[in-house]
Structures are given as structure tokens and as C-alpha cells.
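Order of writing sets the labels: A, B, C and D. Residues in every chain begin at 1.
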Amino acid sequence: MISRAPVVATLLACALAGCYREKREFESPPETPARDAARLSAVLPGGSAPLKPGAQPTPDRSRLDENAFAVNQGKRLYRWYNCSGCHSNGGGGMGVPLMDAEWRYGHEPRAIYASIVEGRPNGMPAFGGRIPDEQVWQIVAYVRSLSGQVQKDVAPSRSDTISGAPPENTRPEAKPAPGKAASSGR
Amino acid sequence: MSAEADQVTATRRSGAVAGAPTVAGGVLDVRELPSFGFSHRSVMWWGTAGLMAIESTVFALAIVVYFYLRTHSELWPMRSPPPELLWGTLNTVVMIVSLWPNQLAKRAAMKLDKSGVQLWLSVCTVLGFLILMLRGLELTALNVRWDTDAYGSIVWMIMLLHTTHLVTDTWDTTVLDVLFFTGPLEGKRYVDVNENAIYWNFVVLSWLPTYAVIYFGPRG
Amino acid sequence: MGAELRRRAFALVAAAVAAASAGAAFAQGRTPVVPGAHDALAVAGPQAAQIGELWNLTVFICTAVFCAILLGVVFALWRSGRARDDEPADLSSIGRHERGPYLSVLWSVGVSIVLLLVLVVASVVTDRALARMSLENAVNIDVTGHQWWWELRYGGDKPSDSFTTANELHIPVGRPVILKLRADDVIHSFWVPSLAGKKDLIPGRTATLHFRADQAGRYRGQCAEFCGFQHAFMAFEVIAEPPDRYDAWVAAQRQPAAEPTDAGARRGQEVFLGSACIMCHAIEGTTAGARKAPDLTHLASRTTIAAGTLPNRSAELARWIANPQEFKPGTNMPATALPADDMRALVAYLESLK
Amino acid sequence: MTVSGTASPPRLNSVPPSAEDAAALERTWRDPPGLLGWLAAINHKEIGKRFIVTAFGFFVAGGLLAAAMRLQLAQPDNRLIGPDLYNQIFTMHGTTMMFLFAVPVMQAMSIYLVPLMIGSRSVAFPRMNAYGYWIYLFGGLMLFVAFALNIGPDAGWFSYVPLAGPDYSPGKRVDFWAQMITFTELSALIEAVILITGVLKLRAPGMTLNRIPLFVWGMLVTAFMVMFAMPAVMLASTALITDRLVATHFYNPAEGGDAILWQHLFWFFGHPEVYLIFIPGLGFMSAIIPTFARRPIFGYSAMVLSLIATAFLAFGLWVHHMFATNLPELGKSFFTAVSMMIAIPSAVQIFCWLATLWTGKLVFKTPLLFTFAFFFVLVLGGMTGIILASVPLDLQVHDTYFVVAHLHYVLIGGAVFPLFGAFYYWFPKITGRMLSERLGRWNFWLFLIGFNVTFFPMHMLGLQGMPRRVYTYGAEMGWSNLNALASLGALTIAISMLLFVINVWRSLRHGAVAGPNPWNAGTLEWSTPSPPPACNFEAIPVVGGRDPLWEPGGVRGHVAGLAVDSRELLMTTVLDAEPETRESFPEPTIWPFVGAVATTVFFIGSIFTPWAIVWGSVPVAIALTAWFWPKRRENTAHLALERAP
């Protein structure tokens, strides 16, 4: 007879978590038509006029990193859009590593979103307008999983490819710290 | 004691049932029958046999999978050196040695010889834990991780499969051993010791092919 | 008339975009495509035909046996007597050899064995025949299964001769075709009932399938192995045409995409290259070179879009681009919301890719 | 050690037993009262009843899922159920029917019936039996809770990799599926060992191997098949879950794994599974037909031999599920031959039944009707099976609705119709009351008609190219009418099932009282009251024939000298069932239940973290040890009865 309420509450919480973790959300068309395509930057370093976040109000979908399907879609797009070309499986290469604790522009979903949409100096192209918001958020969720910032039961497991870095769902959480400009020469 | 033992062995030889009663006047009186029996006379024996049949199938299939995967890759082991022989071989030797006290425990049980069972069961228990320790060292010497490639995966699966058997039967032996010191005892417990010994034989015998596959599959 | 059509198309585009922007979950139903022949018993090639013959034999024998057994049951019911609920069992059979039943069982089993052997032999013979189809001067095509569409790569003497298309397999009538089957993600299965049996496309493996179409026509195929959300709409068309027309088609497909002529199309090309399309699609002769989705170099030459799901008309094209999830929930193509005029231009450009 | 004789406890002396002996036996073998007692129950009839009811519950659940599918497919381009939910529904339907209904319900029936048919007081390992039930129940509940939480598996009931692998099935859906396999297979393996041991050691004296009822033979063969088939799928699903959880590479072609390996392992289990659903069905047939033909079965030995032959052949044809995967020609021919030859033993049995009916005098009761459905439905399914066994034909109809039709004709015709016959046949024994014949006939005819209206059109749909597992189809494909018809048939089946439930419901209250042997059947279970007492037989009969209740001298006498105030059982020799020992059996205990709970925590935990295998095994070990540890009171009782060999 010891208060059953907390137990029930916990179970319910787990249940709902389970529900959302497994939800397969298929992209619905965005509310607002995207900006004029012609004015968009080409996929080039420091390309012209990336959209300003906020100028195009996009709904914050950072909660997607609690959704296994979205994170997995992010993983697929990370491969499809050749993010791995520079960042490899998170270990980095031409691009900065994404599996360590170092986040020059912040590790929060919105910051990563901005990095993808606006691009960053030293080679990160702006994908604004080329990758639909929904997909950007999926990639954001996946990128966070690369440094173990996503729950283990949500992060993807190994993929059907040559095993490079350890699978995302086995990575230790890297305590994110604002990167020092000093160590930017990577 | 010994007289009964003789009787046991005698009946086992002749295959007949000790003083099998017959129907007289529509009544078959069974009160004089023994209340437990060894080997195929006891349900435990059949239970253990079933268990061993199932697990033999699992081992067989696991080994089939091993060679299936081997035929599918031109390099074997795929990208890692074969496991080191030292601990595995040592463990195999210890396991084979452990068959002897195991056999003595079995024989003592058939003789319903309590002190004998206590002695040899304790020896088996100690050996069981020793073997588990060696198994721990073996796992450190496999030279491959389960997530390296398919070779590592199947090697680890087979090893853990057998380790599970070691753990369960060692635990089983320990519990029986304790019971023989604390009681309460009854005739059936000797049958349990007997079955436990048979099962240990199985655990050791199932290891021999496994050992060959794990350690010489990548070398052959 | 053409103008009229275009006007109606634009109206529809506007409607679609409006609906999409309003985030309308409900769909205005799918416009059906006109499917090619799609029936294992309506055969149009030697492979399917041989299977058809075996089918007739097997069905004949099986039906005969089936009827015989049913007759046996009915007879048993009819001739054996009825008993009262409390009637004592008839034990006369114990220890007695029941000759009649014994012989009839023996005979029935014997006959079944013989018939089974006939079927085994017939089956094996047919299997050999299927394997032995003559392959001289065959057309080689690489087929890759993707979730949820088919990539088709035609080889050539020179590397430059090879080209890629999707979801519409053109083959010459009367010439054998050899397909090299691969899968990009999960297991799919290539099946054109009217032409040949199916064959699985399995990741990490390569399978080959060969068949021949003896009659010109369109034959529908569909993925037969469950492959995820859109397994139901992973269809394709096999278009068997006379050799000359086939050669003409090949020649056309080898060309890069036509440069847009009118202003609308040119604008559409800009939209294409500046929006999400370019991330996955390829159009030979432009900077679009991604190969994650169907090659659109000659999109306008195809009769369907979205793996045989929609007819290739500007109206459907626009609705598809605006909201693919409406037609194929779970498909990997994202919704691309464009201003009405951009969408109009984009569709015009795609329609110009003959 | 050998304290036999001292203070000799009360034994069953007089045959037939005196009233107080009977009362004592009832006290001894009854399950304890109260909720704890309910959880501690180990009597095979109680566990068997729960098992049957649970399995039937899953049957209904699976049926509702099927109804949802038929609703979705009733019209083209239907948007009622989206692909995500539909994939979960058909996966749940297949999984439920195969793993949670078909195999378990057969074992459930045998848990209840076999001890009664072989003249025993209990199954071989009553506590294990209870544990097996709880494991099965928890595994099934886990799957449905997961489904309710949108974690329902969605990769099909045979979960082909890589679709079911880590890369293409994110989240935990498939892990729950794989773990459900672990639960049900564990339960099935336990029950198999229990059944084999029971049939070989606990038979009434005089019931030699060639006097065992054919149903018991069927279950014995099935149990042996389980022992050798189930390990394959356990190994496969373990590899799947480790692939998904700890990144092993069994099925990853890029790292030396192989997608076809899964198919080999799965079908090496999967095809025998069809037969371990089908063989008990044959057993039901062989139990019902002689009773209502009022004569012993024709060709007993031929029947037994063909059961065994079927079991062996069943392991030699798994590859006919994989003809489309590009295998070497010769191999395929071999599997074609075997797949067709397995029809022969089935044919032998069918002809023997025909001979029995032919030469018998028939009593038309509902159970017999259901056996006639077998002749129509199963035989048709067998014919389409021969089509599927032929490589070229299979390449056309494989993975289409033709296969869906075939497997339902085989499984429902070969197992479910006989099973319902068995329900009507043994319901009086289990409950003491008869089911209504009138409702029974309605139940039968609606089921038969509805079944054929549902599944026969699917043959045509398959030939017209409709693949299985599509969540909808285009109106342009011309599949609409046949699909609508099939959905109509499904409705009819649903109604007939409703009638059955009503029939059971009413008969439990006001069905006619059955008495020990309402059908004047010949086997032992009908010699004891309905429902049977806790000890099954107050005095264990000594058997002298195959149909003891029919043959003169079928019951040569009764066993005396077994304890009445302690759970004592007679062991007999394997071949000739000569009295051998009297073993003391364990009493009810809560530990199997606790152990099952611990095991459940262990299994579900290991879906989320491999460490659960470490910390989860501790409570399991504790529970099992406590379960094994002898209780003083029981021990003294046993010592009082003890007599060393």
C-alpha cells in the first residue's frame, strides 16, 4: 500500500517515452513555402547570402533527438548528403570531428542547425534551402548522437557497412565544452 | 550399503526390474518398489538427456554457422590473429582432469555414500570455479572483438555459449554440494548428484569440438 | 488544346500547393496509372510460358487427386452405416487382417507416389529448360533495388555509351535479356509475372535473371519481397518494343538532357539546381549528379513517376513534388514547398526532359 | 539413509479405493487455495487450462489483427491504416498466430490431456511446467504491451535481415520481437522435455509403446521435433539482437556476415514448425475419428510410422522457402523432391482415416464434422503445397497472396479445424458439461464457408500478381473485387468464432452434464470422472489394450500401494511400461512464478542494455535455487516413503 502513484507515474513516463521513441514521423510539407530558390547560395565554402535563422522562422524540432526513427533518418542523410565526406563517422578529417567534446559554435540543437543551414568559415558549406528543415533537424539529432548526447535506446546501432568508428549507441557521452579557438587548426 | 549397490548394478546389468510386481486379483501392488532409481529409471535423467539433446543441437548449429561464415570470406580469421593457445589449452586440460573427481562423485552417489559425495562434489566445485577463472583469461586472449567482424562475432558467440554452460553447471554443483553438508537429504539427492555428474561430462565433452573449432579453425 | 491542358495543370498545381501549405492531411485521391499486363497465366515469353505449361500439368494432377479424395470421403459417408450414440464399438477388426481396406490404402498410396514422381520429374525438367534458354546476342542490364524504386543501368561498348534510368525497363522484342540484380539497402525481389519467375535482390550478393519477351507490349512488375513502408508501391514497367524502336530509344537515352529552351524551363532549371532536388537526383549535362534517387535526365520520356505510382503528367508531377508523403507515406523524397510560379517553372523544366 | 518401513505412511490398499482414501488423494493433489495458492498452482490440469485459455486469447487477438487487415484491404487505395501501422499489424498477426497460438495451444492441450491418456497423476516436471506457462504468458503479454506502445515489430513474422537489422529497423521494435522468440522458445523447449519424459516414464503399467493413443504419439513426435528445430531460431534471433544491440556482424555482408544465413537458420526452424503445428492436428484426427466411427483406428502402426517419417522429412525441405534466392540447381531439385515426398506419409494417414470411416458406423457429432473439414481444406492446402514445392512454379507464386492462401489452408485446415474438433470432443472432459450441438453446427458451417470465401480468392490474387504484405493496392490493378470478397469471408469467420465463444459461455453454465464418457470413447481419459479429480485416477489402471475402455481385458486391474497423503507416482519402463519405481513428486510452490518474473526482467532488460545479462541473472539464480532447495516437511514425508533400490 506504499504510495503507488510514483510507480505508476514512472511506468507511464516510460510508456510515453517508448511511444515517442518509436514514432515514425513522415515529413509533412512545411507551413511556409521556402524562399525564392534562385537567391540561394551554391554549395560552396562561404557561399553567398545564407538565410538568417529567425529571418525564416522555423519550428524548433530539436526534440527529434528523442525519436529513434528521426535519428536514423539523420544517419541516412548524413551518408546521402556526404557529410561523412569531411566529418567521416564523426572522427573528422577535412572537417572537424563531431564525436569529441569540442563545439566551437555550441552543441545545442539550434546551434548545430545554424551551422548546417548557414555554413561556417573554413569550409562548412551552407545547406539552407537545399536540405528541407525537417531533414536538417534529423541530421542535427544524428550529429548529437555522434558524441553520445542522445539516449542509448534512441541512438542508432551499427550500420550494414565496414565497421569504422564504434556504433553511435555505444559511444560515451562527451561532455560538451565551448571549443577554444586555439585548437581550431584541425 | 554395498549390498544395495550390488543390487543396483545387478539389476542394471540384467535390465529387468527389481522384483517387478504382477497383477493379482485385479490389484497390482507396488508398495515394495524402490522410491528412486538411477540413470534411465529416474525422470531427472530424462530431463537432463533432453537438455543435453537441445544444447548439442545449439552447439552443432553454432559450429555450422562458424564454417558457413568461414566459407563466405576469403580470409580467415578475417583481419585479426588467431586466438592464443595458452589459456584455452590449459583450460581444456583442467576440464579433462575434472572428469575424474566428477566420475568419483558419480560413483559415490550410486553407492549412496554421503561422505564420498561431499568430498568429490567439493573438489568438482573448486575445479568448476578454477575453470571459470581460466575461461575469463581465455576471453582476454581471443585477439578479436565481437564487433570487429563476422569472425569475431561467431567466436564470441560460441565462447559465451559454452561459458553459460560452465556457469550454470558450476552453480548447480555448488548448490548440491552445500545441500549435502546442510541437508535435508533424501535418496533422490543422490540421483541429482548422478545427473549433475552426467551433465558435467556433457559440458566438458561439448567443449572439445568447440575448442578445436575456436583455436584451430583459424589455424587450419 | 495543349494550352488548355497546361492551364488546367497550373490550376491543379496552385490547388496542390495551397492544400500543402494549408498542411491538409487528407489527400485528393491518387490518379491511377494504366498498368501493363500483370498476370502469371497471361504469358508473353518463353520462360513464363514453360512455367505456364508445368502449371497446367500440376493443377490437372492435383485437382484429380483432390477430387478423388473428396469422392472417397463422400463415399465413406454414404456407404458406412450410422450408429446410435450408445452403440458399443465394433472390435472385430482387432487382430484381424482387414484385406479390403489394406489393399485400397496400399493402392492409393502407390498411385500418389507415382503421380508425385511425375510431378517431380516435370518440375526438374522445366527448371533445367528455364536455365538453358539461349542467351546469344543478349541485352545486359544492371538492376539495383532501392527503397522504393528501381535503378536500371544499360551498358555499352564504350563507357560513354552506358546510361542510367529508373522504373521503366525497355527491352527489344525477341532478344534475350540478362539482368544483373543487386540491392542497395534491403532485400527486394524482381518479378514480372507475364515474362518470368521472380528473383531476389540481396545486399552483398549478385543474382542474374534472364528472360525474353516475344510480344511487344507493356508488362508490369512489382517488388515481391517485403521491403518496408512502400513495398506496396515499388512497381515498374517492362516495355518490350521492336528492335528498331528499342535502338532509337537507347540512342535517345544516351544523350545528355536537353538544354531548356523557353524562359519558363530555364527558370525551372535554376529552381531545380537551387533547391533540395539536387541533393539526390541526377540530370546528365547539368551540375546535378547525385545518385540517391531516380536519374531524371530523360524523365519526360517515362510514362509513370514514383515507381509506377502516378502517371507522368505535369499535374501529378507538381502534386508529387509538393508532397510525396501524400502518395507514398514513408518515401525518402522530402516535401518541397515552392512558390506557385517556381513550381510551375520546375514542372515545365522536368516535362521538357524528353 | 535407507529408512524404508519406519512408521509406514497410509497407502492406497483397497481397489476400488475407499472414500477416505479418495478424499486423502484429493487433499494431496489439490492446488493450494487463495491468490498465493493460485500463483503456486502446479497441477497439470490447472496449468493446462490456463495454457489453453491464454493461447485462445492470443488466437482471438491475432484474429482481430487479421480483421483490421481485411478492413484495410477491402477497398483499393484505402487510407484507413497507414503503412507503418499496417506493417506492425501483419507482423503481429503472423507472430501471434505462429508463436503465441499455434505451437503453444497444441502443447497446452497435451499438458492437460496426455497424463490423463497415459494413466498418470501428473506431468513429468510439474513445477517446470508451471514455469513454462508463466514464461509463455509473460512473453506474449510483453509483445502486446509493446505493440500498444507503438513498439510493435514491423519486419514481418520472419524478420528478414537487413530489413530487421540495426540499419533499417531503428528503435526497439525488432528487439522485442527477437526477445519474444526467446520467451516462447524457452517455454516450448521446456514443455517438450516435460512431455517426452512423461510419455516415456509415467505411463500406466501395461501401456506398452504400441498401445499409446495416436494423439500421444503425435505429441511425442512433435516434442522431439521441437527439441531439434527451436534451437535454430533461438540462435538466429540471438544473433539478430546482438547485431542490433552490441554491433556483431552475423548478418552484415560488409563485414563477412550474410543475409541468407538468417534465412537458412530461420527456415531450418520455420519449416519443421509448420509440421509441429500440423502433427498434433493429425493426433486430434486420430483421436476423434475412431470414437465416432465406433471402431479402432485402421493401420495404427502405419500411422505411427508416417508420423515419424513426417518428422524426419520436415527437416529436409527448409530451402523451398528460399528458391528465389539464387541457389545452385541441383540443391533445389533435391529440396523439390523432399518437399513433394513429405506428402506421402500424410497421404498414408488420410487413407487410413478414410478406411476407418469407410468400415465404421458413424455417429454424426460436431467433432466429426470438424474432421471432415480437414479432408477438404487441408488436402487442398496440400495440393497448393505441391505447387510451391516445384521450383519453377514457386518462382511465380512465391511471396504472393497465393502463398498466403496456401499457408492458411494448411495451418487452419491441418491444425485449427481439428483443434476445434478437439475442443468439442474434450470440452466435456475438462468442464463436465457438453457444448451445444446446435451452436456447434452453426459454428462449423460458418467457419468452413467463411474460411473458403476468405482464402480461396487469394489463390487467384496471387496469380494476378498481388504480392503479400502490401498495405494497399491501386484500383487500376483489378484486385478490388476478390479482396472485397475475402474481407466478407473474414467477417463470416469472425461471426462463427463469436458463436463458439457464446457456446462455451452458455455450456459452462447450463450445458448438459457429461458424465465420465459421453462419447463412449475407448481411451483412458474417459475412465475418470469429468472433470477429473485432482489426482486424475483414484486408482491407476493397469492397461491391457489400445482402447482399454472398449476391449475386454483392456483394464486388467488397478495399482495399489501408492501413498495417498503424499504426491507419489509410479514410474514404468520405457518400452513395456512395467512398474519400476515410485517417485515422490514436488508440491506446489510460488518459486516457478517468481523465477518466471525474474527471467522476464532479465530478458526485457537485455533489450536495453547487455549488462542486464549480468545483473539480471542474479535474481534468476536466487529464484531457481530457492525453487530447488528441499523443504523439511516434504523431505520427512519423502523419507517416510523412501526405499533405496
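What we mean here is this: a contact is a pair of C-beta atoms (placed from the backbone, for glycine too) under 8 Å apart; a residue touches a chain by one contact, two chains touch by 3 or more.
Here the structure is a predicted model, which means the values were calculated and not measured.
Distance from per-chain Cα centroids to the pooled protein Cα centroid is smallest for D. Each chain gets one centre point, the mean of its Cα atoms, and the points for chain B and chain C are 54 Å apart. Centre-to-centre spacing of chain C and chain D amounts to 39 Å, using the average Cα coordinate of each chain. Inter-chain spacing, taken between the CA centroids of chain A and chain D, is 48 Å. Separating the CA-averaged centres of chain A and chain C is a span of 36 Å.
Multi-chain contact residues, meaning those touching two or more other chains, occur in chain C at positions 203, 229, 329-330. Those residues of chain D in touch with two or more other chains are numbered 84, 162, 167-168, 243, 246-247, 249, 252-255, 258.
Multi-chain contact residues of chain A (touching two or more other chains): 24, 158, 160, 163, 166-167. Going by the touch rule set out above, the chain pairs that meet are A-B, A-C, A-D, B-D, C-D.
Those residues of chain A whose C-beta lies close enough to touch chain C in the complex are 24, 26-34, 36-38, 40, 42, 76, 80-81, 129-132, 134-135, 160. Residues of chain C touching chain A in their complex: 17, 20-21, 23, 25, 203, 229, 267, 270-271, 274-276, 278-280, 290, 292, 322-323, 325, 329-330, 332, 334-339, 342. Residue ranges on chain B touching chain A, taken from their complex, read 147-149. Residues 158, 163, 166-167 of chain A are the ones touching chain B in the complex.
On the side of chain C, the complex with chain D involves touching residues 27, 29-30, 32-35, 38-41, 48, 50-51, 54-55, 58-59, 62-63, 65-66, 69-70, 72-73, 75-77, 79-91, 93-94, 98, 100-102, 104-105, 108-109, 112-113, 116, 119-120, 122-124, 126-128, 130-131, 185-187, 189, 191, 193, 196-200, 202-205, 207-208, 220, 222-233, 309, 329-330.
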